[in-house]
Structure formats: C-alpha cells, structure tokens
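So, here's a batch of structures to check.
One chain, chain A, links the two complexes that follow: it is found with chain B in the first and with chain C in the second.
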Partner chain A sequence: MSLEILILDDETIVGERLQASLEKDGHSLEAFTSPREAIKSLNEKVFDIVVTDIRMDDIDGIKILELVREKSPRTKVIMITGYATLEVARESLTKGAFDFIAKPFKIKEIRGAIEKAAHALQMEDGG
Partner chain B sequence: MRILVALDQDMRSAHTLSQVTQLLVNTWANVTLLGIVPRKSDDGGVPMDFVDTMNQYHKAVLQGFAAEDLPYAPADDDYEIAEIRPGIYEKIGNTHGGIKELTVRIRVGNPTQTILEEAQDCGSDLIVLHGDMDSQQKIATKADCSVLIVKKERDTGRILCFLDDDLLSQRSLEMITQMAVLFNAEIEIAGLTDKQSVEEKIEKKLDWLIHYFNGKGIQPWIQLVALSYLEPFILEQDHWSLVTMWMGETSIFKRLFSVNKVAKLLESRKSSVLLLR
Partner chain C sequence: MSIVLITAPAHSMARVLAQKLADKTGWPQYSRDRLAEEAHAQGIKLSRLEASIIKAPIVSEKLAWEKEIYLSFVTDVLYKKIQDQNLIYTGRAAHLLFPGVKNILRVGVSVPMEIRADIVAKQLNLNPGKALDYLKSLDVDIMKWVHYVHRADLRDTSNYDLQLNLENLSLANAADVLMQLAELPEFHLSDESVSHLEDLHLAARATLHLALNKETSNLNLGVRASGKVVTVTYLPRQKEVAESVSRVLGTLEECKGNVCTMAETNILYLSEHFDPKTEDFNQINQLAKRWGAAIELIRLIPPKDGKPFFQEVAGPEPRPEHGAYTGGVEDDGPEVSADDGGLDNTIEELVAMGRSAGGVTIAGGQHEVIDALRDNDNYSLVVLGDLFLSKGPQASTRLTRELGLAIHERMKTPVIKIDELKSQFLFGMKQAFKLLMFCLIALCIYGLVFSFQVPILNFLGGSLHEHWKWAASVAVVLFVPFVAYIYGTISGLILKLVNID
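Entry: the complex of A and B
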C-alpha cells in the first residue's frame, strides 16, 4: 500500500533519516522542518499519515495534531518526542494521536508504526 | 525507543525496575524484561520461583501506570512460560496487544552473553541493569547500544557528561535529553582535552553542544578537564547522580581505558552510569 506521508521535525536529520527509508518502501513523502510550511501543505493536501515532532520552536506538534484531526479525521498522526513526559503522552493520545514514539528511535520503529497505521487505514477503508 | 532491562533475584533489580518504570511512564517505550538464570532446573525447565519473580516484575511495571495511561496489555494471571527457542523462555498470555510491546523473557546461560544476544535480537536502544550484576563491566564495554547501570537510590538532579573528540551520535544526545527531562536534571558537560591536539576541536564541539541543548531549552554547564587528570576527576565526581560517557569506537574512554579500568571505574562509583553509543 503506497501512502502519502508528511514528516515534520525541526531537526533536519530526522526527515533525512526517514525519507530515504520510507520512499524505499514505496511511500510518497514530504518532509518539513518548518511547522508553517507543513501547515501550508496540510491545508492543500490530504495525507494518509502525519509524523510530527511534539516540541518545536514555532508551533508545537499538538497544534499540528489538532489541525490534522479537524481537517482529516481519517489521517493517522504519529507523534515523536525528545522530551517525553507523561503529560505529553497523555495529551497526544487523548487528542487522537495514533502512536507516540520517544527519541531515540530506530527507523524500523517508525516503519512499524506506519505499517500499523496503514493496516488501520485499510480496515477503516473496508479493505 | 526500545529498552532491555536485565533482571535477577537481587534486591537491586526491584530498584532498577522502579527507575525504568519512571522512564517507561514518560516514553511509552517498547520494553523487554529479561530474567537470566545460569542453568535449567532439575526438571529441564526454568525454576518456578524465578518465573514468579519475573511475573512480579511484570506486574510492578504495569502498576506504575494509571489504568487510563497504560500503553501495554494488562497483566493476566492466566499465563504460561513457553520455550520459544532453545534456552529462551517467554511469558505467553496477555503480554502483547497493547499500543506498545512489553515482553517478559527468561534466558538460560551466561549473563553477559544472554544479555548481549537479547539486545541484538530485540534491537534495543538502551540496556538497563543494576550495579551489582557481575556482568556489568562486560556489558558496558561490549554492547552496541547505550547502557545504563543503576546504582544507589538517589535523586537524579544532576547529570555529568564527559565529552571528547569522538563523533557524537544523534541517538546519544537524544538519550541525554530524555534523561534530563525525565529527572528534571541539570546537565554539566566536561570537555576532555590534552591541551594540544584536541582543544580546538573540543571547543568547537562544546559550542555546538551548547547551541544544541539551548535550542531544547536546556542550559548546560561547561568545563574543560585535562586528560592527565581524568581518572582522579572521575573518582571525585561521586556527588553526581548520573554520569554519562560517550563510548564510541574512537572515544577517549574506549582508547585510554582498558576493560579492567572501566570495570574498576564502574565498580567504584556510587552514581548511576550511562554509557552512550
């Protein structure tokens, strides 16, 4: 299943690490370091999966989560964080995040979460 | 993040587990609780008292979470321990099925070998073990991932990081950030220098690190330490609750410290030690 995925992390290295690997899996990827640029793209297009960092200078990932959930409830949002706290995990999940992943992570952990999200999307789409 | 917690029947394992549970509550990491027994019981299986202990450890982790926050499958009293591969036993029952994986395993054999094999198998980012485990120094020097050796119970208010001219991995920086957030701890970075060849490199790296941590809202304290004074300096730092050292292939600790020296260092310390890779 080829998916439209948006990745947002203000650290360039995260998008770089994920881009090559996920494109190899046949997914179409847009990686952003600027939340504002990502929001622009989210307003123009519907993604299957959004992977976003939670804490960024400009706009936090929870706001991105809320925006995605409002615009496209079908989209699965995977939250990643370098500042894991119970409150952040709880808020992410109660606001409808599909998964919560603390850094450091291996690519296969994100790939696993994306596979699970793809499976959930398939089930919801009746496939 | 995937964490491997090595456990035995020593009292220190319970304390280690309580520290790990704090980390799990914050990170929702995938976790393997690994019990190690040197040999099978007379009936060819795993000693029942050890199975009971592992079950208690499993329950203790779950009890660290509020019911509504539990990312793992809840514990089930109706379980069995099955030999999934020769010498490797796993608690079968309600251990999978949560948002995150919590695996309970028992391996029979040499502790160092079994812990390192399990770390490879599960692709762990961090191995956690207590400071009285005989195998701690071998694990510390041979593991491919970061290793946290949990010592005496104390508040982790301050984290001391040794920095040399080895390449810093993104993963190791992320691990320190998580520890600082988890324990609400201050970070001090000691740049190691011989005052000739590496000083400029270290200073550049320190600048970069200050920028990195400042960008994350963390204000680290910085100091330079002469390499010739490294060993006594380390021994003086026992007031720190957590000491971290980069252990990359070309790191100073790997280059200058023999396995025996690392062992001595780990044994003598009262602080917990995090070895980063």
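Entry: the complex of A and C
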C-alpha cells in the first residue's frame, strides 16, 4: 500500500534519512524542517500519515497534532522526539496521536509504526 | 543543613511548595523537569527509558544498563547541587533517591484528582473528561516507571518520613511544616550519612565513567563504592573485560582503587525452550530469590546445517561515537532470529526482577556447552531442563544425564534436572504431606517407647536380654538409623519450609 507521508523535523538529516528509507517501501514522502511550511502543505493536501518532531522552535509538534486531528481526523500522526517524557507521551496519545517514538530510534521502528498505521487506515476505509 | 526530597504526582502544586520552602529557608531547589532537560542535553538515553514504559514490553537487558546510567546521572547531578549540605528536590520518585542514606527528609505529597484535573485542563487545553483520562493513564505510567527504575511501590508508606495531603492545607503552611521538620536534629546529615552520600556519588561517577568509555560502554555492570574504593561486579560471561574495567577506572578522579569481581552466586539453567509463565521458571526463580542469585540461561539447540554456533543475547547497545551524527535515526542492526525459544522474553522477565545474568544460544552438544563454560566456576547450581528433544525420549534422557555428569565433572557444581528442583530445594504440598507423615511416625515411636518402657528396658537390659542378647543388639542397630532418618527428614523439611538450605 503506497501512502502519502509528511515528515516534519527541524533537523534536515532526519527527513533525509527517513525519506531515503521509506521511499524504498513505495511511499510518497514530503519532508519539512519548517513547521509553517508543513502547515501550508497540510492545508493544501490530505496526507495518510504525518510524522512530526515534538520540540521545535517555532511551533511545537503537539500543535501540529491538534491541527491535523482537526483538519483530517483520518490522518495518522506519529510523534517523534529526543526529549520524551511520560507526560509528553501521554499528552500526545490523549490528543489523538497514533504512535509515539523516542529518539534515537532504528528505521525499522518507524517502518513498523507506519505499517500499523497503514493497517488501521485500511480497516477504517473498509478493508 | 538538610536534604528534603519531595515526591509528588504530576501536575500537582509540588514545585510551588518546593519554591515556598526554598524562599523560607534559602536552600537550593531543583526539580525533575530541569534534571530531565540536563539528562537529555548530556546524551543520557532518558527518552528511550521513558517511552519504554508506554510501550510493552517495558524492560530489556539493553535498557537495564541505561537505567543504571540514568540513576547514576541523577545521583551525580543532585550531589553537585547540594550546597552546605542543603537541597530541596521534587520529582516523581524523589523519596527513593540516595537509597539507604539516613537523615534525609523524604516527603510524599498528595493532591486530590479534581484539583489536578483542573490544572491539567488549563495547562494542556483539554476538556475535563480528557484531563481526567490523561491523569489516570499518567499515574499508571508513573507507577510502572517507579517499579521499573527503583523497584519500589510508590504507595509504600514505609519509604516516606511524612505524607502531606494538600487538599485542605495551604502551600504556605505546608512549607512551614516541612521547614520545621527539616530543622529537627533527626534530619541533619550526620558524618555517617555524609560518608554514605560520598560513596553513592563515587559509585555514580564510576558508572558514568565506565558508560562513557568506548571500551566498557556496552557492559552491564554492578558498581558500588566504599571508602573511595570502587567495586565492580561483572557477569561470568564478561570475564575477559575485567582488565578493561580496571584500566578505565584507573583514570577516575578521587578513586583510591578498584576491585573487579565476578557475580558470585548464579544458577545456570539449560533448556531448549524457555517460558517465563511456566511452573519450572517459577520454581527456579523462587530458589534464586531465596539465594539472592542471578539466573543465567543457555538455550541448547541442535547444530544448524551440522554446524555448531554460539550466540549471546544482545546486551546494552554501544554508545554512538562522535562524528556519526544521525539525528536520532539509526540504521537497523543485524536481524535477530525470530524463533529464539522464548529466550528473549525470559531474559526480559529476569531483567525486570533484577535477576538476569544474561543468556546465550548454543547450537551443538555436550562439547560446545563444556567449551562455553570452560572458565566459569561460580555457579551454585546447574539446572537441566528439556534438552535434546529431537532425539526421542530415551536418547534425550540419556544425553541429558551424560551432559549433567560432564558439567558436574568439569565444574564440581551440583547438577539437577528441573523436575527434581522442587523435591530437593523447595517446599510444596508434597513436602508438606511428607512432613506431616514423618511427624506422625516420630510421634508414634515416642508414644510406643514411653508407653512400653518396662518391656523395652527388659528387652535391652533385663531378663529378656539375658535370653536374647543378640536380638537387642540387632534391634538397636536397625532402630537407631531408622529414627535418625525420620529426624533428619523432618529437620530437612522444616529448614526448607523456613527457607534455609
């Protein structure tokens, strides 16, 4: 299943590494380092999955999560952060995040989360 | 001259309370939020630890060492924050820090859920229902965290000196209560407490020093310190690293010396399959708990394609070297075999209980096992589980027996089969019944002896003895060992019952 995925992390290398790996799996990726640019894209297009960092200077990942949930409840949001705490993880999940991954992570972890999200989307779309 | 450790639930008013106490006393104040920030900045893998609580399974051998590093970091940072022997610290399990150090005021704070829910609803912009759900889930997560990191129950009141309910008490008055209590002589650090703190700090520094050194970063070690001497305990399978540990600790400042010792009491459990939910595992675990022993697992499987191999269960991940920055997105490691016979799960269970001595998979036979054990001689017991299953029941029994004899010959350690464990070391229903029967036999013997003293004495030294001298000797020779056997069995079972082997 080919998915439309948006990746938002203020570190360029994160988008680059994820893009290189996930495009091999047949997904279509758009990577952003600026939350504002990402929001612009989110307003224009519906993504299947959004992978967002939590701690960013301008707008944090929780705000992105809230925005995505409001605009497209179908979209699955996967939160990634190098500053994970139980409080932040629970807040993300309570606000509707699909998964929460702490940095550093192996590529197979995010691939696994995307597979689970794809399965959930398939189920919601009626098989 | 006091250290006040305040444990409070998330989103309570504990930090305000700590600030009020700091304002009244002039003592330095520090919170877990700031400590967590510092940990992240210093490269401590706190994120992984925290996220592991949310995602099951929460434990693994890889994270066990990370946990020790985190706790050492906390000890190191807080020790440095103490000024003139004063510090106020608030955190999710603050009262469990500096374990064993006396004269520290350990306080628990409770705040009604409704008040916390109001705070959360405002702070996180949640509706009241969601705020309550969030808090309930978070409280469960924090309980799990405390259980995993500190091996303690947050609700255990014996770990607190004082518990404050802030439902009716104002924060200002609560701070007054804490200040007055902290000024009592019982909460002034004695020389003994200061010395204990110094030992904990040296052990923490040594752990961090080992964790940050390339040679020793991926080892799972036990570190403690006393009188400026650091003692490091390593697992039998890490024997070759003792020299590196000693060399690395040689560069640690303010450390007079170091001693490296192998973990002393271990139970080695060999089997083809492991399952932490079985009665066998439960029995070995009971015995390990009683002995304070760690359990090492060897999964013995037939050689693959006729070739023997040896594979250790992954230990802590090596820390990344400088220059290899990946933004936290790491390449996948080597694929691990999907079917590990339950080894990983069982080790995770043992790690959670603090009893893991690691594990290996050996594909081969008796020779490969003996080779793997060649330099290890510190096992208290070797337990043989289900082995050589592909060979059929009779050959399996014979090969298991031969392996047991070979291990005993090599290591001079008791070797038993798993089904003998209970009868030899543990006390169950069967043993209770046996104890009852033997007690009844002993009572009958005493009853008979005291009821028939005259004929017995007559038989042993009276008129009957005159006629049947040899019969008395034979009776004594047979009767005394019989009574000794009854007594010995009763004593052995009672000792088992009270957990003394």
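Here, the second predicted complex is superposed on the first by the 127 of 127 C-alpha atoms of A that agree within 3 Å, B and C clash if a C-alpha of one lies under 4 Å from a C-alpha of the other, contacts with A are read in each partner's own complex, and residues count from 1 in each chain.
Basically, contacts are C-beta pairs under 8 Å (C-beta built on N, C-alpha and C of every residue); 3 or more make two chains touch, one makes a residue touch a chain.
It should be emphasised that the depicted structure is a prediction, and the values quoted were computed from it without experimental measurement.
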| Is this a clash or a fit when chain B and chain C both end up on chain A? | clash
| message | Let me test your reading of the model: by the given contact rule, A:N43 touches which partner, first (chain B), second (chain C), both or neither? | response | neither
| request: In the three-chain superposition, say which chain, chain B or chain C, touches more residues of chain A. | output: C
| task | Give one of first, second, both or neither to describe whether A:I107 is in contact with chain B, with chain C, with both, or with none. | result | second
| chain B versus chain C as contact partner of A:R90, first or second or both or neither | both
| message | Please report the chain A residues shared by its interface with chain B and its interface with chain C. | response | 11, 13, 82-86, 89-90, 100-106, 108
| request: Within their complex, state which residues of chain C touch chain A. | output: 10, 36-37, 40, 45-48, 50-55, 124, 126, 130, 133-134, 137-138, 141-142, 145, 320, 325-333
| chain B residues touching chain A - in the complex, by the definition given at the top | 1-2, 25-30, 69, 71, 99, 123, 125, 170-172, 174-175, 177-178, 181-182, 215-216
| note | chain B partner, complex, touching residues on chain A are 11, 13, 55, 57, 82-86, 89-90, 99-106, 108-109
| request: Can you check the complex and tell me which residues of chain A touch chain C? | output: 9, 11-14, 17-18, 80-87, 89-91, 93-95, 100-108, 110
